[in-house]
Every structure is written in C-alpha cells, then in structure tokens.
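First the structure, which I've put down as structure tokens, then a few questions once you've had a look.
Each chain carries a letter (A, B, C and D) given by its place in the written order, and its residues are counted from 1.
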C-alpha cells in the first residue's frame, strides 16, 4: 500500500469516527483507557500505597492530597480509589484482549476449516462446535476459577484462557455457516479456476469477505471478557485486590455500607461507571467495524446517506 | 479476419484437435426432501461433449437441464460420478500436480451473475493484478499493471485507469461482466466456459458484451463453451457454430446452429425454437406450444426417452427404451426414436 | 376495438428519489382493451411509473405535485388517483380496479404463509368475508392459469417452481376482477418454453376477463408478441410512442433503432454486431440537452444544447428527437 | 409426512443426547484435570482439618463419588455413572444428597427464568418491530436505540447491584430479599402467589432489561431486511392493511430466522441467575451454585453445573424441533 492510499484510508476511518457524537465519545474513552494502561505498564503510575485497615482510613471523602489520586477518596483498603481504578485498567484490558484473540482465533479457524473443507472434517468439527455451544462460558469459568489455586487466579493468561474456554463456539458456528454459503458463490468457483490454493481461498477470499464481521466479533469478545472478569470477581471468586473493579463494587456493597449511607457512594459508582463506559465504547466501536471494512458501506457512510 | 482462428466446424472431429473432451459424464446429486429424506438423481446422465481447438461450442438448455453442471465438470469444479474429461488428451481428474496446474491456468470460467462473481471488497485492478502476481506471470508490479490495463481496455473497460481503483459496487452489471471477462482472459487460457454470461443484462447490452468476448477470444485463439438458454445469442459466433441441446441431463440433439435453426429434428428442439420470442410483430401468431405440460424436476425423470411424457409424437417404444444419440447425417446427431 | 376510450391517463408525471429526478414529467394514455407496453433498459424509470400508478413507491420517492393520473372507472366517474385518500385508494382501487403481476422469479409471495392465505387475506383486505366465495374464486382462477387448485392452495411458495409462482401471481392479480392489470416483467428469468406458455396464458385471460394490460419490460421481443402500442423510455423520459408495427418496421428515434438492431433475429447471421455505444446515463449526472446525445450516432449541435420536446407526428405517434422536429 | 416427522424428531433427540453426553463428559474431564481438581482440593481441606489420609480419601469418595487417587478417566466414568443413576454425591454443607438439594432449587429457577424469558421475548419483539416500522421518525428510533445500547453496556450483575441498593434497600420501592414475604405460608394460595410475584419484581426487571437489547436489536435488524423484501411491497400493492402486513409478513418473517436465538437467550438467563438470585437472596440453581462455590461444596457445584447443562440441551432440542415444525423453509430441502 502506498503512502497516499494509507493516508486516504486513514482519512476515511477518521471520517467514520467523527460522524456521530457517540463514536467520537467512544474513541476518546478507548484512547483514555489505553493511555492509562500504557502508563501503568511503563511505570508512570505510582504503585499502590500499603493497605491501611480501620474505619478512619477506608472510604474517606475526596481530598487534594497527592493530586489527583485522592480525588475520589479512598477504597476499602484505605488506598486512593482513583489510583486503584487506573491501575486496574492494564490487567482488565490485557485479560480482555488476550481472551478476545483466543476466542476469535479458535472460532475463525474452526468455522472456516469446517465450512470450507466439508466432509468428515466438518462433521467432527460441527460436533465439537455444538458441544461447546451448550456449555455457557461463564458457567464453566465459574467452576474452574472457584477451584483454581489462588496463585493462578492472578495469572492473566490463565484467566484469559478460562474466559474464552467455550466463548469461541458461537463465532465458530456463524463463521461456518457463512463459509458454507460463500463456498457456493461464483467468485469462489472463479478463484478455484484461477488456480488459487485452498489456503488462499480460505484466508484471502472468504476471510476477507467476513472481515467486518470478524473485527466486530473481536471487539464484542473483549466486551464479554470484561464482563466475565469483573463479574466473577463480584461473586467473590477472585483474590481480594484493590485493582479489580468487580471487587471494588462487591466490597462497597458488602462491607462499605453503600447500602445504608452515602459514605461509600464514590466507591460504588466509580468502578461501575468505569466498567459501563468501557463496555459502551467497545460496543459502539464494534458497530463501526462494518463501515470500516466494507468498502460499499464506507463510501456511503462518508457521503452521508 | 483474425488470423489463426478456426471457425466452429462440425466436420472437425480429429480427437487431437479437441481442447476438451468430456466423455460419458454422469453426475449424481442428492437433495434433501422433507426434514430427513435424501433423494439421489442424475443431473447429467452419460453425456459427451467435445470442444474443438479454437472454436465456440454452445450448450443450450433450460434450468434443470444440467448444462451448468456439465460446464463445471469440464472445469474440474464438480467431480463427475462417472466418465472422464480429457484436456489435450489427458484426464483432468488423474493428472499429476504439475499437469493439473497447467490445465488450471488454461481452463477459465465466466459465471452468470455479475453481482456474485466478483469479490465485493476488492478493487478491480487489484483482483486482476493478484492473478498475475499469484502465478508469477509478471516480473514487476509495473509490468503486471501494463498487462492488466491492456486486458481491461480490450474487455471494454475504457479508459482502464478509471476502473483500476473501482470496487465492484461502483460498477454497473455490464461493467462487472466486462471485468469478469477480463479476469477469465488475462491468463490467455486455451479453454473458457461462459455460463449465461449475459442473461442478467439488458437486451441492448447483451450483444455488445458478446462482441467483446468474441473479439478477445479470436485474438488469443481460445475455445469457448457457451452455456445459455437463448439460442439466438450463439448466432453471433457464425452459422457453423456447433450446438448441443440438453434436456433433463441428456443431450437430445447436436449439430451446427444453421442446420438446427432451419430444420430442428428432435421434438424438444422444435418446441424450443418455436417458443423463442422474435422481435417481429408479424410472426406473433406463428409461434405455438408443441409440448404438453411443463418440464418435470430432474428428480422425476420419466422412464424411456426423457421427453416421452410431453412429446406429441411419443410412441410405445419411447416410454420403454431410451434412444441413444446417433449421427443421422454428417455432423448431426439426434437422440430420438423417430429417426432411429 | 370498436370505440376507443381512455382507461388511464397519465399527465405530467414526475418522480424523484431523494431529490434525484428519475421520471421527468411524462405523459401517456392507456386505452380500454389494449396492451400498452412501456419499454426501456433497467433504470429507465418504467417500473417507477408503474409503481406510481398503484401508489406503492418507496418512502424516499416523491411525486411532483403537478402530476395527475386520471382513472376512468366508468363512463361517469373519473378519479385522480394521486389525489385520493390512502385508505380509500387502498380499499377501492388497489387490486379491485388496478392490479399488478409481479415478476415471479422475485420473492413476491410471503414464504411463511400458504398460497391459500394469499388469496383469503387479499379478499379480506377489501371487505370480502365470505370464505367460500374467496376459495371458489381462487379455484376458478388457478384453473384458468392451468394449475391444480387443490394442490397449489396448500403449498408454500418455496415448494413451487418459477413457472408455478408466475401463474399463481397472475391468478392472484385477477382475484378481485380488476379492469386494469400492470404486468411487471412477467416472463423475465423464466425458461423459454415457460415464457411462451405465460404469454399465451396472458392473451387468453385478457379476452376471457376483458382486461387492459400495461406491460413493463426490457425485452423487445416479448413486446412484439403481445403489445398493441409501445412507449420507449430513456433516462426517465418517453422518447418515442407508436403503434407496434410503426415501432418495429419504421422506428424513428435513434435509440429505438439501436434497441431493435441489438436484438438478434433468429436465423440471421451477421458478421458485424451492431450495438448502442456507451453506457446508460447516471441520474446524478445527466448529460445536457437530449439525454441520448452522447450515445447517438446522429447527434447535432442542438442535441447537446436543448432537450427536444415530445411532439405528435400523427394520430398515434409521438417522438422526442431533433432530427424529426425539423 | 407424519412418519417422517417422527423419524426426524427421533434423530434430533439422538443428537441432543450425544451432545449432552459429550458436554458433560468434556466438562468433567476439564474440571478434574484442571489445577483445581475438586477431589484434590477436598482431600487437602480434609487433611488440613487433621483427618488421617486414609479416612480423608474415603470421605472424598463418599461426598464426590470418586476418589482423588484415581486417574482422570476413572473419575469421569465414576461420576458419569452417578449422573445416569441420579446419584450426584452428597452436599458437604447441607449434608443432604445433592439430588435432593438441587430438586428443591429447580422449581424456583424454572419459574424465574421462564417468567423473565417470556417478558423479554414479547417486549423485544414489540420494540424491534416498533423501531423498524417507525424508522422514518428518526429521533424516536434513535433515542430508543441509544437507550438500548446503553442498557446493553451495563452487565446484568451491575444492574442487579444498583437496583438492589437503590430501588430496594435505600428507597424501599420493592422487596429485595427472599422469594416471598416471611409472614406468608408457602402454600398454593392467591396471597402466596401475589407475594412471590411482588418479590420477583426487581429480579425480573433486571433479567429483562439486561437481555432485552440483544433480542430487540436482532429482531429489528431482521425486520429492517424483511421490510424491503418484494413480498412486503407486493402485499402493500394488494391493498393489505398495515396490521396484517406487520403480523403475517414482517413479524413472522423476521422472528423465524432468529427463532434459534431463543435457546441462546434462555441459556444466558439461566447463567444470569447465578448473580441475580444471589443478589436478591432468592432460592434457585444460580444462588445454590454461588453459595456452594463460596463454601467449597464441590459435589453441589458440579451437580448444579450438570443440571444446568442438561436444561440447556433440552431447551435447544425444544427450539430445534418446534422450529422445524413451524417454518416451511426448514422442511423443504435445497435443490
């Protein structure tokens, strides 16, 4: 791709994102979260101070101390809440991204191979996909996380693996169905007579056709992983840690007295808003994938039709 | 006249001179019927077709006649249940990898639906360049681009620069079909199958696209198997064009188009020709229905002759015995008990 | 044709899609008992004109306020269809007076209900509640289109072939005994033999039920088989209108000539293939003057500058071309 | 036709049985092979309590049905034998048989899930059709779809937590704990039923709001494709009234292709009970799973898991069979 086409593509993409206020907003949210995660990884964010028990330290009101980290007050360990939330971004995003990559890789590979090759391969893969479809990811994940030794519960790779354990199934089914119908299209027949290998047909012709759908699935898979990661923590299945947003909410309700007073109100709402904003942005970005990857839509999107 | 082009000639029957010989092809499909049952039927039933080098051969038939299936068999897109397809004397289903690759590059396809036959997310220029790049047929991008522009120009996408960066959705049906022709001919294949290439286009566009196809064909001396339900389109390829008329998986008549149009022999061919609408209001009363009823689905083929249930001339023997395709005069073959 | 009376008169019909004008103020009249054909390539506006008469244009379309479509219901009553209340129009005109045969190859029957329900729901929408009457009428019509009523009524559309669907759509169009039937590409995408059957069926039904047809098609050969008068459309305009014999044997407009020449005649082998050069026009970017001039072999200076008006040459013949306006 | 349908149903049942067998087997094998093998974990906790090794192994065997010393395939076989014979082991915290504990929980979840599912389906269809039918009213449709998008980004457990804290505990608008009022006898009386319905208001609201957006979006996507189909235009041309067009044309044609999603929504709601029943202190499979997880009551955890999978397989089977019977397109094969 030459520089000019790259630039024009970038221009098109930026036009798509500046089209509606909600996509601009979502893009800003994702950028902020990414900056937060990178800052943590690069050591630009200070480490959490040691926990301080005792009623006078926890759920303190906002203060300007160590600006800006105490702006939301303190959490259930007496640590600065904002700092805890920001430090949580990198782990959450890492788990979500890894899990989405695993989900999409398995789902696309199984669905594509099953649908394109057909025959006995398809029969076996179909059974595998069907079985995985009947096992809800978070149900099996719940059992596995619950029985997992504590030291593995903080391992990002293990968590990502567990959160995608059967999450790929519905994607695999959809990819398989699309492949089956695409396989009968005339442009695939032509690709065969042009002498293209099965590999090229699967990954260049068919996969390219499904690109908008797959990009969307990747984003939504991140969304699901965030849901699982924080949701399982909320059930009290993860080690108690300030950096997990699900646990912050759990503690605010169970221990912080958010039920009866306003003392823990920031500790309840801050992580909730953090999670919901991330989910909202991811869902909105997923919607734009169709417009980015499908040239027909891309052009009409820009012309404003 | 274009040098080196041999007009379709029914007298050319030297085996070596055929680009494609499909012999005794039988293709059995199974379809789901109801929730569970599967039924097997022969979409193409023991049919042979020859395409002489440098000529155009027509395959005429209605939907369900098996003409598309037969065309795809000669392209190795469908493996026949029985029979063999010889490309330059070798069976394409038993070729070594190297031989098959050679055949592959020499047998190309122009499908019917211009909206389903081009990848919707790829630019026309990229699609064509990709073919050359994949087979390393150009030394540089620049050279590839030159070849592509040349082919696009010949296919009627003029000026080529205007179309290189276009996505298929930005083109009309006719332009897409031109792109499809360019893609099939860029490899300069020896054999091309065009399956109803203009059926979905407007009448006024049809002839101009066929003209393009014909001119490009003449230039590279390729052979063409032209599949269509409109006999009249084959007239563009000259009065000696060999045509095969198919009905329910069988070839019922073959011969050169001039003879068949002036004197169709098989009752089905007669019916087909009598039914063709002609742009001449005076002839409106001369056209009538010869056959009874409508064509059954290939799943319920009648016994004996395939036409026995609809043929006004059907005799007892027609219901019992299947007539074989016999040469009754030079270059003219008919499968009908009336001429046995 | 003893006394020629107009049945439907279209005057100054203009239709735009999102401010792009696709039909530019056309006039035509369909007389009682005739087959009037509106012919042109895809995108010339012929289907839009038909849909405007039945008022089933998509929401993005708008009809010029000056357009008038007069329907002569009987000797005493003439109605401007475009000015009628939607409810009244739907109940009293659609299907009762004017109906339409859709292209059978398209998805014009609801895939999830049986053919029987298509008949009953249509009759009910027009206030006919007598189930026995509806089914008797459906049976009679299905027999008239040579289908087996007992079988077909219980089928789902997916269980039928293209030819069967087309016949069913014809039967459905005649359910409420309309006077005027619009045939929208009634044989397109059907096999040759079935096309032939549908054509002869349409002719029989026309005599049997005293119908007037308006045929919408791009297939000039089909027109030759069935039509009495033809209007040729190009880029949303009528460029020539004449009696069938005049069009086929004495075409005047260069576009009509090109259209006829590009259709192969059976038994005619020509070395040179005659085609209309160029591409159909783009509505967003129509040429100046006569819309056909970029493709016209006879284009003159005036053709590039001024659009030719449509004029009457004689009683039944109209043309919009500068060559014939001199 | 009738005979062939029966045959087809039999085949579907066979496939469902195989799927069920494989789903359970694979899950059990994954669970016993994972680093947190329940048998080992349970053994470790018994040993920690100072129990002699031999006795601890026997206890594990008694509770779980398999011993920590067996290889994985033998654990799987033993447990599966229990599943088939209806013996899922003994609950560590309740000291009852797991089957008994689960049997008490099933009716509550069945009621909760089917109640929420039917409301979700009805509301989703209505909203999806409304969004499509009034698509010219851009502002109206945009506001509905924005609200649904925002709702879609709120995880169900957060919704449950917020409703619990505010609509329940703080503002006292609805009951927030327990399946019915403590001063009512659980007996088949109107008073009892009303109390149950009242107590399930918040939980059902959470369930419905959390699963509504997905269903409504799927339906409106289908419906906006259907509304452009030729048969809808043809129906209009035949003078059909808009009521008939919406029901027999748009609704029917858009619901059928996504009919299979009902099974997915059902499974999703079933898993959702883990958070929502727990939050509102309701009896049922979900709260049973989360409570026993907290208490490390492995036999019940795995038992509930097996039951939920079974219910999901049954739900899939039911949608599959009914779909084949109601959509003509499923019956006619492709040529």
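As a working rule, a contact is a pair of C-beta atoms (placed from the backbone, for glycine too) under 8 Å apart; a residue touches a chain by one contact, two chains touch by 3 or more.
What you see is a predicted model; the values in this text were computed from it and never measured.
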item	value
Fewest touching-chain hops separating chain B from chain C	1
Most distant chain from chain A by Cα centroid	C
Pair joined by the larger number of C-beta contacts - C-D, A-D	A-D
Distance between chain centroids, defined by C-alpha means - chain A, chain C (Å)	54
Geometric centre distance via CA averages, chain D-chain C, whole Å	54
Where chain A and chain D are represented by their mean Cα positions, the distance between them in whole Å	23
Residues of chain D whose C-beta touches two or more other chains	332
Parts of chain C lying in touch with chain B, wherever the complex brings them together	41-42, 161-163, 191-197, 199-200, 218-222, 224-226, 244-245, 248, 258-260, 262-270, 273-277, 279-280
Touch list for chain D against partner chain A, complex	15, 18-20, 22-23, 26-27, 30-31, 34-38, 41, 146, 149-150, 152-155, 157-158, 161-162, 164-165, 169-170, 264, 267-268, 270-271, 274-275, 278, 289-290, 293-294, 296, 298, 301-302, 305, 308-309, 312-313, 316
Touch list for chain A against partner chain B, complex	185-187, 189-190, 192-196, 200, 205, 208-209, 211, 293-296, 299
Complex contacts: residues of chain A adjacent to chain D	22, 127, 130-131, 133-136, 138-140, 142-144, 146-149, 152, 165, 170, 223, 227, 230-231, 234-237, 249, 253, 258-260, 268, 272, 275-276, 279-280, 282-284
Contact set on chain B toward chain A in their complex	72, 75, 77, 101, 104-105, 107-109, 111-113, 116-122, 131, 134-135, 167, 169-170, 180, 183-184, 187
